[in-house]
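Below is one structure; the comments refer to it alone.
The first chain written gets the first letter, and so on, giving A, B, C and D; residue counts start at 1 in each chain.
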Amino acid sequence: MDTNFSADDLAFREEVRAFLDAQFDDDLLALLRGPDGVKSGMVEWQRRLYKQGWVAPGWPKEYGGTGWSLTQKYIFETERALRGIPDVVPFGLIMVGPVIYTFGSAEQKQRFLPRILKSEDWWCQGYSEPGAGSDLAALQTKAERDGDEYVVSGAKIWTTYAQHADWIFCLVRTSQEGKKQEGISFLLIDMTSPGITVNPIHTIDSKHTLNEVQFDQVRVPLANRIGEENKGWTYAKALLEHERTAIAGVGDSKRKLSQIRTHAAQEKWGEGCVLDDPKFASRLAAIEVELMALEFTELRSLASAAVGKGPGAASSLLKLKGTEIRQSLDQLHMDLAGYYSGIAVEPGESWQTIGHEYGSDARVEFMYGRAATIFGGSNEVQRNITAKYVLGL
Amino acid sequence: MNFELSEEQTLLKDSVTRFVSDRYELESRRQYIAEEAGFSADNWRQMAELGWLSVPFSEEHGGFGGGAADLMVVMEEFGKGLVIEPYLATVLLFGGTLAESGNAALQQALIPQIIDGSLHGALAFHERHSRYSFSQIDTRAEKTGSGYRLNGEKTVVLNGLAASKIIVSALDSSGGISLFLVDTDEPALQRTGYSLMDGQQVANIRLNGLALGSEALLGEAGGGADILSRVAVQALVALAAEAQGAMQVLLDTTVEYSKTREQFGVAIGSFQALQHRMVDMFASCEQHRSLLYRTVCSIDEDPSNRDEQDIAKNLHALKIMVGRAGKHIGAEAIQIHGGMGMTDELAVGHYVKRLMMINTTLGDADYHEQQFVELARK
Amino acid sequence: MDTNFSADDLAFREEVRAFLDAQFDDDLLALLRGPDGVKSGMVEWQRRLYKQGWVAPGWPKEYGGTGWSLTQKYIFETERALRGIPDVVPFGLIMVGPVIYTFGSAEQKQRFLPRILKSEDWWCQGYSEPGAGSDLAALQTKAERDGDEYVVSGAKIWTTYAQHADWIFCLVRTSQEGKKQEGISFLLIDMTSPGITVNPIHTIDSKHTLNEVQFDQVRVPLANRIGEENKGWTYAKALLEHERTAIAGVGDSKRKLSQIRTHAAQEKWGEGCVLDDPKFASRLAAIEVELMALEFTELRSLASAAVGKGPGAASSLLKLKGTEIRQSLDQLHMDLAGYYSGIAVEPGESWQTIGHEYGSDARVEFMYGRAATIFGGSNEVQRNITAKYVLGL
Amino acid sequence: MNFELSEEQTLLKDSVTRFVSDRYELESRRQYIAEEAGFSADNWRQMAELGWLSVPFSEEHGGFGGGAADLMVVMEEFGKGLVIEPYLATVLLFGGTLAESGNAALQQALIPQIIDGSLHGALAFHERHSRYSFSQIDTRAEKTGSGYRLNGEKTVVLNGLAASKIIVSALDSSGGISLFLVDTDEPALQRTGYSLMDGQQVANIRLNGLALGSEALLGEAGGGADILSRVAVQALVALAAEAQGAMQVLLDTTVEYSKTREQFGVAIGSFQALQHRMVDMFASCEQHRSLLYRTVCSIDEDPSNRDEQDIAKNLHALKIMVGRAGKHIGAEAIQIHGGMGMTDELAVGHYVKRLMMINTTLGDADYHEQQFVELARK
């Protein structure tokens, strides 16, 4: 029982640190903070990672992965998060990529994988529907065969970054027979196809991240179906498991915690600062303790998978505890910002004249962060699943 | 012992309810916010005509002479509609400070203008490093031959852009807090306006050696902190009543949504785990109401029985619960609404944001808990 | 909207204070703290209340009640609790008494009510059964007719003070037909009847309060049945509603809170005392705020009932919040007592030589107090009921 | 990175598991507690024979030279059985203090006796007003010509009645804390024994001018507080591992009970509200385990990488979670067991009581949180 890094691991860490410090530079930061930061900034960052060969640590080496050990992946993830470097946009690299290399045809692999690695295609995910949120399998978007094409009609909702996307991967209903999980197929759809409309959803963080995507008789070649017809649920489930890694967000929460500590030390309060307030310090400490534990819950899970025993029962807690911890941090940051937490300043306005420079960021993160316990399987559904599969209830 | 509204209060409540249901669709509210002042001048006129702007003022100032219970009735309904007009800022903070400052000439000149809706005011007490304290400020009032000279910057001044007069707190040479009435058209006063997440328009205000006559001093020199604490009594009740209205709407909306939204073939309101959590939301809402009634009753107590220590304790307790119940109900309302709770279209997020701003107005839950503890020690 | 007491109310309060201060004297205290305190002490105290005419404030005047207004009842209850005077033993005066005067025959009223008022009979309650806890109506104890008697067989559990009882009121099954709530009858059973065995249940507070009561062919005259056969559930439900008043335990919690404050001020900690610790003070304050609210939730309920509008929706929270608050106080008292909270001293041993004089009391109250959220309709069942009847879910 | 037990640790674990399953039925445990010493002398002999009493001692003292992970393995299984023998008091607190005090003669004389099971000891550091501090004590050690004279009273001394030797902390004339080894048969030492709710026998110890030779001083004069903090490292890991075992049993028992106990015609484990709460119990249990592994790994780190600050932080975090997870799991276990959870017959209450005592041993969650915060400030 130990957490000692080998000499190789330590050397790897140095390499990672050097790369990140050099490549995540001021130019990139400026690009990310610009008006089109999510798209142009992220694409630039992912291309730098690609050049280094590090853009897809989760992929098998043959498809362009890194061949890293779990410890190496953990080191990379930790160093990334500590620097506040955003994770790659997940839809291509983390989500559809693995589905394609696992279940796709040779043609599909050849066509899509290199473009994903090079960030030439921007992907989005078409799962949720207005009537099917946590109950994903209740989806109704229909795909009917017409010659060597499907005709797709229906609507997807909560589609992150659909406004930037070249492609969308969708679960669609190709049969009404059997259980609702049966009769679902997995399609790759070109976003420029006639009949697709993207409507923005304005969210409580006042940003435009989410969309509704409508399909009105959209024609999709049969060749764009992954695997067999009516087996799409199986592929999607495999993907969901893949998505689980690093879902705890430990690195990002550690960074947020350290920001809060810094801000609380700067915030004057009586003769001292807010960090001196025993109640504030106590709230911060209580969260830090949970986070210290979660870091090892994640490591236990990785280590167990690494020796071929699967991620273990505790891995079912990674999303639950990870999101709860993050939301507690968001709330604490808001409380620290106090009445400045409410300031809704437009990008480019000067903070200095108004209040705490972090107030508005704290608010946006708090607001958008409410989604963490709702999307991707709400925490209620996570608890149901854990009760059933882990506790046997 | 009696927690029923009087006949007069019931009429008042009905009239505010009607106003809110006529004028406060979410879409209309967006339009009011888009107006230059940040609210509807027409609504404000209507409020004046209906006499609501006079509620807290004494009869000698031409007011209605209402108590805490009357104010509660108005504010709870405002809370249900997320009314954006600056009742708190102009009537309770600005008007309330005038009323508490004992300057008869100013009271006679200005309070009628507040009541008839022609004067907007603001109270500037926050600063960059003041956090929730009235006295931990850096703005200074230097005595001059003919009066005072003010230097400093006040932040997050509610209604600070629409106000034509602002009351400003400043440290005087003796280290005490004094209050000054200033006109916003003074060149030495500079305003930067911005919005809060709940749609309110606020301002930062720089005072660059603003020269004032000695008549600008409100109340005694150094007596400002006392005045502000008295002003806070009504303002805290108003905030809590407004929060009560917002929490009630969130609870009702969430329960209704859970009855209609289906997942896994049944209404989500049939899931026991959600039912128990909605019961806890209900509990927070009702416990808050109880504390609101407790506080209102203690303020409206016969003068012979009025117990200032008891009132202060109730007010701190109430503001603690405003913060905590508001967070609890707000978080659960979004969560149970699921993805829909994240959208700006639904009203849910707007109520949650208003509750968050109410929490930070005049001291958050943690600040008032500290005050509550100190009071208990005495 | 006001909470002003009338001059009459204030005069009444003086009368109550004078009575309690005079009658709850050192002799009585010594009796209550003696080895047989629950029985002999409580009987003595209830007799003093009876002499004053105050033993049954909840009863109608014609049966020996006080005729007090709700405000007067509130005043009495508050003054009682503030002095740490125990409430009357509920089984006769609060529970079965009202059932008898509401649903009993003239003979039953004449026979039982005066003896209850004078504390000549000690009653206990036979509701729960080993297989039927929160699901009360699932009870199986059978009563079969044999001439003008029932023959009762089965077992009741969690029977408080059965070891002292002269009588037990029981729900028994007299029919297997229809819904489980039908076919239940309400019997009054003499505890000296042949076939009754009382087995003590040892509980985690190391006290003997609870028992199992076994019935082996116990013969009970038909005349001891309340009301009609198979209608017992109706009578029991009416009783449960009666039981609701004062279930919030506000007065007792206020007293506990003030004890904790006193003890925390005495407990040295660094240069000051534990009460100076901002985290401790914060926990205490958070509970006090909830308790201040609950006091008015109860008053709102009383006031609403007094103007004929029923107790109102918020009354469903009285038990829930009341027990949660009490358990938080118990936990805080334990934490204050620290390692002395664990001391299990026998009655009569000297505290002084061992530790805090309150540690062992805190522990017994904590341990027994766990039952508050379990018995009398668990808090889970309370939440189910509130969700259904108040929120309409 | 590796969280698997070594082969040796797996053997050790299996052997303790067997001991617990053979000897620790609840009824047998009651009998051990009823023995004069408050535990089973036979079990103690068995532990000595199996070598468990030697686990934490270094090889030069005849020990097994085990690390934190080895200790964890033993204590977690002890926790599952609620083992009552004073492993913590004799081996870790008394023996640990000897091992840390650097007095070679005493170590050579006494540690082998601990390992062979012939010597019981105790560490007396609590006092009536010390709360959780090692240094806030009133017992005084006055220097005499030939040594020291001790006056004062120590409270809640674990294993204080069965111990034949006790290490006592006392304030010396310079205001520092020193540690002294005393024999319990000294006439100037007076013991009052009593029980704790978890069945442990403890004692208060009065020192009435007890005269000691200068060889009774352990380590440096004034160095006692440092020694005790070092002793606490292993003791805290042991307590947390024991708590881990107890929490696991409570979780498993509760989940099993919920599958068999029927109410309203179905197993109560089918109620979603209870399911979600049991998931939260599971989360507390697993999070605690993670922090235990984190702490153990940091202690057993290669000497070249060992980071004392990191170890201290982990230990405080761990003890915070021992207290909180223990309270959470304990309260829910009783609640979900319903009336049965209130009975002394079922093991549930006994595990809950042991967790409560573990929380208050060597500083409760609130105390360690304060220490955690102070450490973070440095």
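Remarks
In this text, contacts are C-beta pairs under 8 Å (C-beta built on N, C-alpha and C of every residue); 3 or more make two chains touch, one makes a residue touch a chain.
On a predicted model such as this, the values are computed, not experimentally measured, just so you know.
By number of C-beta pairs in contact, A-D leads over the other of A-C and A-D. Of all the chains, the one whose CA centre sits at the greatest distance from that of chain A is C. Each chain gets one centre point, the mean of its Cα atoms, and the points for chain A and chain C are 53 Å apart. If you average the Cα atoms of chain A and of chain D, the two centres end up 43 Å apart. The geometric centre of chain C is 39 Å away from that of chain D, both derived from CA atoms. Multi-chain contact residues of chain A (touching two or more other chains) are listed as 277-279, 282, 380, 383. For chain D, the set of residues touching two or more other chains reads 271-273, 275-276, 369-370. Partner chain C is touched in their complex by these residues of chain B: 1-6, 9, 69, 255, 258-259, 269-270, 272, 275-276, 278-280, 282-283, 286-291, 293-294, 296-298, 300-302, 305, 314, 317, 320-321, 369-370, 372-373, 376-377. If you check the complex, the residues on chain C that touch chain D are 128, 131-135, 138, 157-158, 201-204, 206, 210, 267-270, 274, 277, 279-280, 327, 331, 334-335, 338-345, 349, 353-355, 363, 367, 370-371, 373-375, 378-380, 383.
Across the interface of their complex, chain D is touched by residues 1-5, 70-71, 74, 261, 275, 278, 281-282, 284-286, 288-290, 292-297, 299-300, 302-304, 306-307, 313-314, 317, 320-321, 380, 383-384, 386-387, 390-393 of chain A. Listed in rising order, the residues of chain D touching chain C in the complex are 126, 128-129, 131-133, 136, 155-156, 192, 194-198, 204, 262-265, 271, 273-274, 327, 331, 334-335, 338-339, 341-345, 349, 352-353, 356-357, 360-361, 364, 366, 369-370.
On the chain D side of its complex with chain B, the touching residues are 271-273, 275-276.
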